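In the two complexes below, chain A is the common chain; its partner is chain B in one and chain C in the other.
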Partner chain A sequence: MNKKKEKRIFIFICTAPALILFAIFMIVPTVEVFRMSLYKWGGFTNEKVFVGLNNFKILWNDMNFFRSLQNSIVLIVIVTLITMVIAILFATLLTREKLKGNSFFRVIFYIPNILSIVVIAGIFSAVYDPTTGLLNNMLALFNLENLQKMWLGDQKIAIYSIGGALVWQAIGYYMVMYMSSIASIPESFYEASALEGAGRVRQFFSITLPLIWNNIRTTLTFFIISTINLSFLLVQAMTGGGPDGSTEVFLSYMYKQAYTNSSYGYGMAIGVVIFLFSFLLSAIISHITKREVLEY
Partner chain B sequence: MKKQKGMSAETAYRLFIYVALITLAISIIIPVAWVFLASVKENSEFYGSPWAMPKGFYFQNFIDALEKANMGTYMFNSIFVTALALLILLIVALPAAYVLARYTFKGSRFMNSLFKAGLFINVNYIVVPIFLMLLNGDTFFRSQFGDSFLLDNLFILAVVYAATALPFTIYLLSSYFQSLPSTYEEAAFVDGAGYFKTMVKIMLPMARPSIIAIILFNFLAFWNEYIIALTLIPGPNKTLPVGLMNLMAAQKSAANYGQMYAGMVLVMLPTLILYIIVQKKLTQGMTLGGLKD
Partner chain C sequence: MKLKKKLWLTGMTALLSFSLIACQSNETAKVDESGSGKDSGEKQTLHVAALESAYGKDMWTKVIDAYEAANPNVDVELTVDKNLEDVISPNMKAGNYPDVVLLATGRKLALTETLIKDQALEDITDVLDMNVYGEDVKVKDKLVPGFTDTLATNPYNDGKMYLSPMFYSPTGLFYNAGLLKEKGWELPKTWDEMWALGDQAKAEGISLFTYPTTGYFDAFMYSLLLEAGGPDFYNKAMTYEDGIWESPEATQVFEIIGKLAKYTAPTTVANANDKDYTKNQQLILDNKALFMPNGTWVVGEMGEAPRADGFEWGMTALPAIEDNGARYAFTFFEQLWIPSAAKNKQTAKEFITYVYSDEAAGIFAESGAIQPIEGISEKLSGDSKLFYSIYDSGAKAGMGGFAATEAVEGVSMADTLFGTIDSIVSGDKKVKDWQKSVEKVSDQMRAALK
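What follows is the complex of A and B.
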């Protein structure tokens, strides 16, 4: 009996601090996001007024929000496609081919992932600088002056420049992930297919790709979530949403409304919409990419 | 003859692979290495070609960054917050993960799924509510006791870091504890060891590999984090990444390029050194967690 009590106390002492911290700093703020989205709060009035879904109605007519939506979608699509193709390709090469310097390349490719987003913002500000930037000067070196651009100053291409920095940041991370799942495919599959005359390309499409399909699906969700988050952190540190809102993304618009602009209620309504959007998008993509899981 | 031709196609293919790999490697190394070179350039050198090598080692940049731009204080703050957050995280998460992995009790399933759900909560969404919560707390304390301490407090920042890292950390640790055989615990109980003693003396040492992975990942996350620090510390006690952001903003008007790149080196050097020491662990550990902020 005493033992039982001792066990209860032990369990309580071990779990209580974690639960308390988690509740205060994660559960309560999350609930607050949803609750506050129903209030008109902040700006000039410092009192909360319950307005129901009114914030969402305003949002529906907010062109700036739709611009950030458009930018976010553009980033999700291009970052996912480019990063995924490059990461899978290089993961396949590094795992399947017997190359010299195999681990050297892996170590190098992973470096961007350990850098702070602020540092990456600084690096790419230096790369994209119109006059003293690395990119424009490299183009000049190859006599390609006509390709020189105001990478971050031109409203039409600024968002793609942000996308470039995100791809640079993400390749190594996803490559390492794909590598581990490619490495776990039994060698005998490749040997058998080689005996039947399958080349590298055929092996890639008939063995590698189908067998890592589940891993690819998981990373698709990661891509959606991390692009939404990282694009915010990068934009915030690099362009602040400019020039003229052309690099404004979902969460940077939310942050601007909620924190800089002090329209807490409206900002949280944006947060709710972004959350639902990313959740729905992940669910839809996960559903349409569903294939029968191949076991080996 | 035919074999010869096959060989040369093979060689061309391998050559192509190496070219592709080296191109990507260069595109990653060059911008990072360039920042290191730029950090020892004198300000006048930035108006020439960016590809020019530095004329000498102008270490004054680092001294200026540390002293004039306050990066020295910020660095101390960052070290303090990161270390404290790691300490709190380990003290809180280890027992919880162990109990959730090894014991079934009333509510254990609920707690497990609660922390799993926490994996989907991203800090970027809840940073403003956390700020408002602390702000309200401060207003309350000021009205009651005439003093407030929640915002602008590095200790609170460390607590918030630790709290937001809990779901991922508990998830990783408890999946490791689950994989350990239960015979050790049984043997310890037979020997008369209590619950606490068994956990501290037997189980925690066995979890060393995953504890190291936890420390690595969270060190990087806490050291590099800036949006929470930016929001919760409006005063002068900034952390290193936020200080760097200020330097970057100031650089646009004052054109203190050297100082800014020295600041960037200060932020990334610790992580790079750590990475070089433990790179194998980090890329392996990643596949066991497989989650990103």
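What follows is the complex of A and C.
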């Protein structure tokens, strides 16, 4: 009994500093965001006016917010889908197949992930440039002039151009994650299935995919969080939300409202919605992808 | 045994919390020390914060040195930074306000606007009646008339000055004077001549117009409003009078911009963001577009950029709407202000009078920063002389911006009035719808007027 108690106290003391720091730097600010979303406040003076849920009411009728929400969802969906497919494909190729220059490709694919997002914005601004850009000039080279676009100027495709840059920078990171779990699958599984006559495609769907499923689930949460964060950085550095707000994502809209429009409280209300949105989305995705964990 | 453990536990907890508190108190102790250290002398400390703009940092250091020499009782702590908001905001949130700030409205982080909306600026009307530091002349007699009764200095439109006018720069349409000379094209005096020139240029593969970003339309739009309806009309528009944006004068303005959109260089929208806007400015240097709205700073900004042979900067006021109609070149100026939460307001006001002294104005002018002081444009030379003489050739000066309102959540006049132009040029929105949404925003802002 006494020993148990002693142990508990010891654990408490050991974890106390971490818990206190966690409370001060994580829980308190989060609660603050929720609290400040109930005020009309510019962010500087003490002139705070309590407005209850009014900020959320305004938000409900703010079409610009819904456009930014729509853009964010588009990015989350396309970036996740495309990156995941390509990353798993490359990961399988690089681990399962004996390719020449295996480790060379590994490094090449991973490089975008080391680059700062501002550098990526610079690279893609150059790629998308309407006159001197790589993309339009490549199309011209293959006589595909009619496919040439104002990649960042056309409001219908600007958000996909941003998505393209996000996919490019994300592939390497997820590829490495998938590679590590593919590499840990025992070789004997593949040998046995090969003896039974399974081809590579069959092996992929029946062995590789089920055995890295848990890893994929984890990365789905990563995809949501990192796309929300990185899309903000990229949009800030590349288009500033333009042309005419067509590439605004919800974090950049929140920033704009909190600072440029001097509506800090309103910005925090947007923050609360983003918080709940990403929390819920992660929970839902985690729930519907739940499978029995296969052990090997 | 039990007691011992309890004691031990309390001891540990006390130690832990003590160490945490110790961290905290250490910080405050440090701040206090530095504060009292400065106050302990006879000297007063004045904290001046200034935005480092195209004019550079040196002029501020020199002016502060000169001020400290002239006024030995004041010790100036100077903060000059390109991202001034990022440097001073955290301190301001913690209650440490600078005493004097040079930061214009219209910046992305909108710190000045936020303080105006929160009525957190000090009323500095009395500075006008104070003597310029070290001189026997009142501030108001030294300033060029007109600068201190605009909405940019008196944001609440109540005759009280909260922001003091500093470096000004005429804005207008910038072009390559060499190209016009070479082609034998005349500078258009009216919009009709402008369209004619546009068609001529089009035949040679040159676009009539481009713009760096839609943000540059502020001065352009204000000038156009002044041309269309005169100062009274302009002030009504700036104070959100009901129906003003649907009046015939405003319709004319919207239609001119709608037509101009058709003459705009095709790649403009794709590059009209904070990252790539210099590519649009480059179109002028490369003779791919004829005119762009800009300010005198563009000369320095594009100083290193390659350019066509025989390139020569030119600047003109906006073409008139009718023959012999008024032509306007909007004057943009930076503002100097005192936060209400500043500690040394009196010293700060004294410092503001000093920046208008001959000594300070001379130092600023050396770096190309021109204050609205009588007679200063005579001292200019080179490109600056050309630009600042725009008003001598008959163009009228427009000044000020929208009146201050309380923050309206989710609604921005700048985004609606200027940002939409990207959509007009790309054809995603119609001029009529644009006009309607501007009037709607104006209605919302009117309700929030201070």
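Convention: the second predicted complex is superposed on the first by the 263 of 296 C-alpha atoms of A that agree within 3 Å, B and C clash if a C-alpha of one lies under 4 Å from a C-alpha of the other, contacts with A are read in each partner's own complex, and residues count from 1 in each chain.
Going forward, a residue touches a chain if its C-beta (ideal position, glycine included) is under 8 Å from a C-beta of that chain, and two chains touch if they have at least 3 such contacts.
What you see is a predicted model, and the numbers here were worked out from it, not measured in a lab.
Asks: Looking at A:201, would you say it contacts chain B, chain C, both, or neither? Reply first, second, both or neither.
Replies: Neither partner.
Asks: Should A:154 be classified as contacting the first partner (chain B), the second (chain C), both, or neither?
Replies: Only chain C; A:154 stays clear of chain B.
Asks: Of chain B and chain C, which one touches more residues of chain A?
Replies: Counting contacted residues of chain A, the larger count belongs to B.
Asks: Once chain A of both complexes is superposed, is A:288 in touch with chain B (first), chain C (second), both, or neither?
Replies: Once the two structures are laid over each other on A, A:288 reaches no partner at all.
Asks: One more residue to check, A:40. First (chain B), second (chain C), both or neither?
Replies: second
Asks: With the two structures laid over each other on chain A, which partner does A:259 touch: chain B (first), chain C (second), both, or neither?
Replies: Touch status of A:259: both partners.
Asks: Examine A:29 and indicate which partner it touches, taking first as chain B and second as chain C; both and neither are also allowed.
Replies: Touch partner of A:29: chain B, not chain C.
Asks: Taking the superposition on A as described, I'd like to know which of chain B and chain C A:121 touches: first, second, both or neither.
Replies: both
Asks: Residues of chain A that sit at the chain B interface in one complex and at the chain C interface in the other, please.
Replies: The answer is residues 6, 13, 17, 121-122, 125, 237, 259 of chain A.
Asks: Which of the residues in chain C come into contact with chain A in the complex?
Replies: Touching chain A: residues 5, 9, 12-13, 16, 20, 89, 92-93, 108-111, 113-115, 117-120, 213-214, 266-276, 279, 341, 407-412, 415, 419-423, 426, 428-429 of chain C.
Asks: Which residues of chain B touch chain A in the complex?
Replies: For this pair, the touching residues of chain B are 14, 17-18, 20-21, 24-25, 27-32, 34-35, 38, 46-47, 49-51, 91-93, 95-96, 98-100, 103, 105, 111, 114-115, 118, 121-122, 124-133, 159-160, 162-164, 166-167, 170, 194-196, 199, 220, 223-227, 231, 241-242, 244-245, 248, 260-261, 264, 267-268, 271-272, 274-275, 279, 282-283, 286-287, 290-293.
Asks: Where on chain A does chain B make contact in their complex?
Replies: 6-8, 10-11, 13-15, 17-19, 21-22, 24-30, 32-33, 36, 86, 90, 93-94, 97, 99, 101, 105-112, 114-119, 121-127, 132-134, 137-138, 141, 168, 171-173, 176-177, 180, 218, 222, 225-226, 229, 232-233, 236-237, 251, 254-255, 258-259, 264, 267-268, 271, 274-275
Asks: Name, in rising order, each residue of chain A that touches chain C in their complex.
Replies: Going through chain A, the ones touching chain C are 6, 9, 13, 16-17, 20, 40, 42-45, 47, 55, 58-59, 62, 64-65, 121-122, 125, 128-131, 150-155, 237-240, 242-245, 257, 259-263, 265-266.
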